């Protein structure tokens, strides 16, 4: 789907999530300061919204930071609750947010780790740290086309193996491409363009 | 000395004990499972994508279709997430009724589980006994919201309607009936020699490994990890309830069975407390007429009968539909552990283990 | 001429028909009993209380399309149901339903024939019945049935050993292989052999559950594991034949158990004259009542117990039942030599 | 007369099935014909008034041993391509020689048996036996005249059984 024409959204599409910085008086949890000290440069941005802490990590530091969060006794994020992605097509710094919901069964605290990547940037797989990531990363790959490098079994999981396109992307039509996309993607694109032109007229 | 080859068997997607359209490709050496590959997606309806194109209130209906044997739980999970985004406080009366509904739903879901699990292992009577009691719960739900399976029984901010008069008495009466029925199931299974032989030592998984694999709910608690969202991150009225979190020791199929059987009793305990303590008051909080949460994102998890059911919702603050709607399906994450559990066991154990992790394909595939 | 041909022919006709009707009503009985156990009603639609259900079933099965998979071994696929049905029926030749009675002016024995190797005949004919299952699994050319037929052959051969061993201990006590003599021996010794040979009876009962593929040993047809096992690919009347064969075998096993361990057609305490009034019930009725009790237990067990796993089944057979049966045989032999 | 008709019919079936056993291409079919063959042999035993032998024939051969054959045949895929049937190492001549030797041996036994048959059959068995009945007679003979061969045969089977277990079990 890389060569699909950029589908101009009807309304002004949001260009990214709202990530309010924590208020000055908020006590930053120990695990975040530990991460900041343990892996330098790993916390690019910090936000607190509705009581959830989010740490934005550069892709280059993801594996290191994950390993630290998993192993460090103060963090002990041993449980990968969820792994998902959000698509912000117009965003300059890369369209995808890949989000890791981490939980610690020992300390019972949560944190969200977020990496911002462009369409073709590979994201290192965290399956070696949390085996649970295996299927979750497959689903993100299946739905968004996020490229996970080092994944042991990177295949589609919910959609058929030969499916064209990534359904959860914002430029993927809700009603799906229909049979035509499966059989002949080029004809499908032409048909869609024709429809859009008809819409404008 | 002998030339042996592995037998590849396709279990499902049409198979009586894969609980829906699950397909497991088994590589067998004799009857021993060498490796298993789980193929899912046959029931994929794109609920996440669909939800991003529906308005906030319409999504409640879609959540029914995920874990369709515990629809009320999915409803509550979604509504609470949106309430968190909206910063709406839900009246205590609604919280209590939600708690009762969720626990009833847990019992109904566990009834279905104990029935099918026992059926998979060959004890057919438990199946019908369990369905008999599930029927009583469905009757209670029918009286509450008019539906028996997909309830659509929750509104953002509270309840769609107050409980019918006398409903709480009926719930209490049900609890009294259920007490004896759980003993009945246990008489048939818990100390049954064949049941013990079929479940003890099958699919053993240690606590740390289960955590790593992302198992949740009874599957995780069976391995001795006392992780229960109701206790750890209380929601609804659970903070005011007094209940225990049962955990297993060995982490085998039998322990997961015992954990769920004990959860029946704990659920009854919660229902009794909640029903006797329903406070008076309104049933819906102050919710704007047009639901349009401020831009932001949040993750909220609840303990569904299958495990941690999480919703990750991103609102862009402009449109009347969520920008991103993500469900953390407990069945999906539990099913991921299946290949690890079945390796080295026999074909007969595969069905026991599928039953033991308690999946609903509607939720796995969404 | 009449004694030699006509009367046996009539007896064969009666027994065959009674068996087939009995077998089809066994299906109703099973459905009803299991339904009652499970707090249901069972079939209620066809006839009052659903009593005509077996007829409806038979009509349905006969009218159903009979599918042979394209890859199947056509001849063997067709023959397999017949092979499993025939042995189940010809066993009835030696089962004594009652003693010789005076009917219509002549002495008529209530059994088709009394062979001096009757018990062995039953065992050997039953052992041929295995072929039906094995061949069905093989001929279907499908993986689940093949697994099932492998299970079946291993299971049936293993349990046959244990069952035959228990029969030998009964033979030792009775001193004969003829079914009629065994019943007479129980009359003469004033006690049913079930009480003389309790261990043998228990092993026989467990073994016969396994040999008839009944729960908890119904592995060859475990629906939840092997999607119906050896008869997965069968439909219509051929499937019905397998079904009927299973029930016919259940009736055979119950009859054999009654004959060997519970005095066959004898009323309770046949030698106590105080209980003479029990003789109001004819001897063949006693036989049927006792067999019925066994059939009921068969159904009851199925409704109650989960299924064994294949390796556990084998372990039970080889490590528990067979050694126990051999020990029982040895002890019986020693006692017999010492005391008589 | 009836006896003769029955005998020849059964004999014809036995021979016919025996031929089918070796000529059929499909191994499973071949095994099935073997079962039928055994059943007819059992029928022959019944005709000879040896019911015990007949029943044991069915029980042991048809019901037991051939089931194991079938087991093996089903597990080991024997459907080989046609060229596998022309094995260059096949010792056809040796095979024919062996078959001829067996045939001659059988003939010799038959002929010699006919020569002294009338004397042995009647006297040796029935006179010296204190029991009557087919089963009892077999038992009596096995535990008197043929005790040593009987025991040797059982030892042989035991050895074969242990051997099979040793071969089949990969680690003991």
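Letters are used for the chains, namely A, B, C and D, taken in the order the chains are written, and counting of residues starts over at 1 for each.
The working rule: a contact is a pair of C-beta atoms (placed from the backbone, for glycine too) under 8 Å apart; a residue touches a chain by one contact, two chains touch by 3 or more.
Values in this document were obtained by computation on a predicted structure and should not be read as measured data.
Peer 1: Comparing C-D against A-B, which pair counts more contacting C-beta pairs?
Peer 2: A-B
Peer 1: For chain C versus chain D, what separation do you get between their C-alpha means, in angstrom?
Peer 2: Going by mean C-alpha positions, chain C sits 29 Å from chain D.
Peer 1: Any idea how many Å lie between the Cα centroids of chain B and chain D?
Peer 2: Using C-alpha averages as centres, the distance is 62 Å.
Peer 1: Please tell me the distance, in whole Å, between the geometric centres of chain A and chain D computed from their C-alpha atoms.
Peer 2: 74
Peer 1: Can you tell me, using the touch rule above, whether these chains form a line, ring, star, complete graph or other shape?
Peer 2: Its topology is that of a line.
Peer 1: Considering every pair of chains, which are in touch?
Peer 2: A-B, B-C, C-D
Peer 1: Enumerate the contact residues on chain C facing chain D in the complex.
Peer 2: 73, 75-76, 115-117, 120-121, 123-128, 130-131, 134-135, 138, 146, 149-150, 153-154, 156-157, 160, 177
Peer 1: Which of the residues in chain C end up touching chain B in this complex?
Peer 2: 34, 37-40, 143-144, 147, 151, 215-216, 218-219, 222-227, 302-312
Peer 1: Could you please specify the touching residues of chain D with respect to chain C in the complex?
Peer 2: Chain D residues touching chain C: 26, 28-29, 32, 35, 39, 51-52, 55-56, 58-59, 62-64, 67-68, 70-71, 74-75, 133-135.
Peer 1: Residues of chain B touching chain A in their complex?
Peer 2: Interface residues on the chain B side: 40-41, 44, 46, 48-50, 53, 84-85, 87, 208, 211-214, 225, 227, 232-233, 294-299, 301, 308, 310, 312, 314, 316-319, 323-324, 326, 328, 332-333, 335-336, 365-366.
Peer 1: Provide the residue numbers of chain B that touch chain C in the complex, in ascending order.
Peer 2: Residue positions touching the partner: 7, 9-10, 15-17, 31, 118-125, 128-129, 132, 188-189, 192, 194-195, 197-198, 346-351.
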